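Got some structures for you, see below.
Common to both upcoming complexes is subunit A, partnered first by subunit B, then by subunit C.
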Partner chain A sequence: MNIPRFWRKINNRYNLMGTKCENCGQTYFPPRNICPNCRREGEIVEHSFEDEIGELITYTIIRSAAEDHEKETPYILGIIELEENTRLTSQIVNCEIEDVEIGMKLKPVFRKLGEQSKDGLLFYGVKFSPIGKEE
Partner chain B sequence: MTGIVSYGVYVPKYRIKVEEIAKVWKEDPESIKKGLKVNQKSAPGQDEDTATIAVEAARNAIKRQEISGEEIEAIYVGSESHPYAVKPTATIVAEAIKATPNLTAADYEFACKAGTAGIQNCMGLVNSDMAKMGMAIGADVSQGAPGDALEYTAGSGGAAYIIGKEDVIAKIKKTTSYTTDTPDFWRREGERYPRHGGRFTGKPGYFSHVIGATKSLMDKMDTEPNEYDYAVFHQPNGKFPVRAAKKLGFNKKQYQDCLVVNKIGNTYSGSTLIGLASVLDESSPGDKIIATSYGSGAGSDSFHIEVTSKIKEVREKGPKVNYFLEESKYLSYGEYARNKEKVR
Partner chain C sequence: MKDVAVVGVGITEFGEKWNSSFREIFLNAGIQALEDAGVKGEDIDEAYIGNMSAGRFIAQEHVSALIADYAGLSEMNVPATRVEAACASGGLALRQGFLSVASGVQDTVVVGGVEKMTDVQSEQSVEILAAASDREWEAFYGATFPGLYALIANRHIHKYGTTRDQIAQVAVKNHYNATMNPKAQFQNKITKEMVKNATKVADPLTLFDSSPITDGAAAVVLVPAEKAHQYTDNPVYITGSGQASDTISIHDRNDITTIESTKAAAQTAYKMANKDQSDIDVAEVHDCFTIAEILAIEDLGFCEKGKGGKMVEEGITELDGKLPINPSGGLKACGHPVGATGIKQAVEITNHLRGEAGERQVEADVGLCHNVGGSGGTATVHILSREEQK
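Entry: the complex of A and B
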């Protein structure tokens, strides 16, 4: 990933900042500039998902990863539903493979997403973790 | 009066036992556990570093008092394991708690006491009305070379403290420092692991500075050890803080609640601050706390803290230290070496 592309999306990646159509109420992550339902009738505003609890819709176990993530295998990659049917793909951390379950409640956590190279930029952002007993 | 408005802690869930490390280096785990008074230590996940730990601790602090990130006008992150040699961790934290762009931010390094140095800086800014609130963080994914004695204790974790004048949960009535050029521990530029002076880290390093700063603070406050409900000291191992506390005249009841080193190891810049958090988790309004950090190289910062009635409504809104102590997954040495990038 080049530096300007990462930098432009820092707020989205760090704070789960998406968008919402004020006309129909649909939320989007990654953010959309236009509501596909309402088109020009819709008014898109910023919408933060960072405090939301998500639900695991489905998942897969990655055992053969791309070069950037090959030392992390095996890891869980899931589709998580936030509010209003907004779904995103994220790594599930703090969870053993034998413990992952469709429907489990997840919270966003701040983690390292990757790096440009050994001497390049580090990329940070949100991953999802099972909710602890006390939460 | 200037004091602690909120606090937050984060410790990764992974642990490695002394037995697991000793097995690799053919050492006797029982003599190591007896010598260090440490049974296990915390270790980061593969995708965790000082920046991610600092952000999680900062978010837990923000959550406790429902503060907006924009109200934080200064952020200082103390660590000896910043992910970049050049590029601040503090800006990553600032962006992640939505404190940007109208704030000052910087990284500090002073071995294990850079976090308390950050608190003193925030106190200065708040006292002089240069900032409404400041955040000081001590966080580390500390390094110990394979086979070195440090490998048994060098843990991972951090804590964030929001310093301000309004709605304080604990007043900081006085702080004092004790600093000399004592070369007991160092890491040269470009080197992966620190080196240390072995037993030299004890008397001329830890004990001289911790005792010097604590005595100096009690002299300035005109207090005696028996006037404090809690005494918190930096925890490089389980032995040093107990010995320092006893030499200073504190009893077991005063220092035992802050001792978390036997479960998570030495979290370096996070150590004193996590110990203080574990005391704040349990303290009552009116309690007096004395807390003294230690950073090799060397220096100590000591604080006289008095808990206010506000503590009760605030501390339940964030995860307590015990939550992090209980949640743990044990690693093999191989998994630990992978997570710590000891194997590249």
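Entry: the complex of A and C
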């Protein structure tokens, strides 16, 4: 991921800024500019998920990763539900591999997301921590 | 719409082809298909080529022109088109060829699929394959391709009580089938214990739950059904073709354990063929990971949602079972040269319907091919039959 490509979504990545369709009320993260329910009738506005408590829908332990994430293995990857039918994919931190379970409640935390080994670029964004362990 | 027949098939050996280049691999399969059909270069009206990522694997784009050129078709200015939908590129190419003949625009169409994956290091191939997911909102956060299927697997286990043994059994079955396929990458038997104890990739999936990195190609020759007997006494007809989309990311699906594109493509294909799932005698389905075969047999309608693991456990999908699935060895054991897989499935089903599948031959009049791109963003389903559609 190069710098401009990362930078243009930085508000979304740093602050969990998604979108909401004011026509049907559905929220979106990752952000969408077209509501699949309403399409052209949709009315899209920004919507922050920063203070949401998430629920773990499913997870895996990544043992073998692509180059940018190799140094982090093994790590927990999960799908987190922020609001009904609004879900995202991110990592679970502050949690032992053997303690992770479907249904656990999670809070967003700001962390290093990846490292481009080639030129030493670091990327930051939101991962998720079990409630009470977010320090 | 015209009915469409397969009159020739060709396939390379699948595996790590250190000594063969991209173009050589493709030509090997293409020439076999033309010879099988008895079609000459002058007869070819158009070509479609399924290929996921020659640009990343061998730094070569514009592969349709490259292939047409080295096949000697550019002399005659034969149009050639590359088709891409990640691992469903082959299935899409087959559908484009089918539509081209069915529409009456072209008479003789060659459809191929090819991938040369072993010219890059394995970490690089992990990265290239992850491009089939959403780069910005899945891969960037650390999702790998096996990781996405592992997320589905854990949810399936949680929701339906699918067991680790049932999932491992898919790999055991497919490896057994591949022992009878001389073109397969892995022709060795394995056990459930070997699957479960292999190197972990993304829990609960191990290396033996995963399809390998493969070089290979496959090709078929399509003509209008009314002309099929000019080429062969044993034509096979494509009676149904379906393609559908689902969200590119699995996190956006209401049910993470269902691939809606598979369901929709299957319904389209069944309807066109005037068949339903009970008419299918044999199927090649997209088992890029063991759990994917369980999803496939559920979403194609062969069993109720959540009962796929049980169906595998009961032996129904084995070679001598009521509904043999992946007689070729599937992506798991036959190998998965991503752009070629969708065409390989059509070659395999054609061979069974012609009675030319050798030691692994199953008794079948109607077969199905199911090809998936990425984690289900695209799916194609084709129904092949010994009987012409009436």
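Heads up, the rule we're going with is that the second predicted complex is superposed on the first by the 128 of 135 C-alpha atoms of A that agree within 3 Å, B and C clash if a C-alpha of one lies under 4 Å from a C-alpha of the other, contacts with A are read in each partner's own complex, and residues count from 1 in each chain.
Methods note: a residue touches a chain if its C-beta (ideal position, glycine included) is under 8 Å from a C-beta of that chain, and two chains touch if they have at least 3 such contacts.
As the structure is a prediction and not an experimental result, all values here were calculated from the model.
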Q. Quick one: subunit B and subunit C on subunit A, clash or fit?
A. fit
Q. Once the shared chain is lined up, is A:I102 touching subunit B (first), subunit C (second), both, or neither of them?
A. second
Q. Looking at the overlay, what does A:S90 touch: subunit B (first), subunit C (second), both, or neither?
A. second
Q: Mind working out whether A:L113 is in touch with subunit B, subunit C, both or neither, as first, second, both or neither?
A: both
Q) Is A:P30 touching the first partner subunit B, the second partner subunit C, both, or neither of them? A) second
Q | Touching partner for A:N15 - first (subunit B), second (subunit C), both, neither | A | first
Q. Touching A:T58 in the superposition: subunit B (first), subunit C (second), both, neither?
A. second
Q.
Let me test your reading of the model: by the given contact rule, A:W7 touches which partner, first (subunit B), second (subunit C), both or neither?
A. neither
Q: Look at A:I79 in the shared chain and tell me whether it touches subunit B only, subunit C only, both, or neither; answer first, second, both or neither.
A: second
Q.
Between subunit B and subunit C, whom does A:E67 touch in the aligned arrangement: first, second, both, or neither?
A. second
Q. What's the minimum Cα gap, in whole angstrom, linking subunit B and subunit C in the superposed view?
A. 12
Q: Residue by residue on subunit A, keep only those touching subunit B in one complex and subunit C in the other, then list them.
A: 72, 91, 113
(Q) Can you tell me which positions in subunit A touch subunit C when the two form their complex? (A) 1, 5, 9, 30, 57-70, 72, 75, 77-79, 85, 87-91, 102, 113-114, 123, 125
Q: Note which residues of subunit A are touching subunit B in the complex, please.
A: 10-11, 14-15, 71-72, 91, 93-94, 96, 109-113, 122, 124, 127, 132-135
Q) Quick one: in the complex, what on subunit B touches subunit A? A) 13, 45-49, 51-52, 55-56, 59, 83-84, 92, 95-96, 98, 319, 323, 327, 329, 338
Q: Please name which positions on subunit C make contact with subunit A in the complex.
A: 123-124, 126-127, 130, 134-144, 146-147, 150-155, 158, 199-205, 249-252, 254, 256
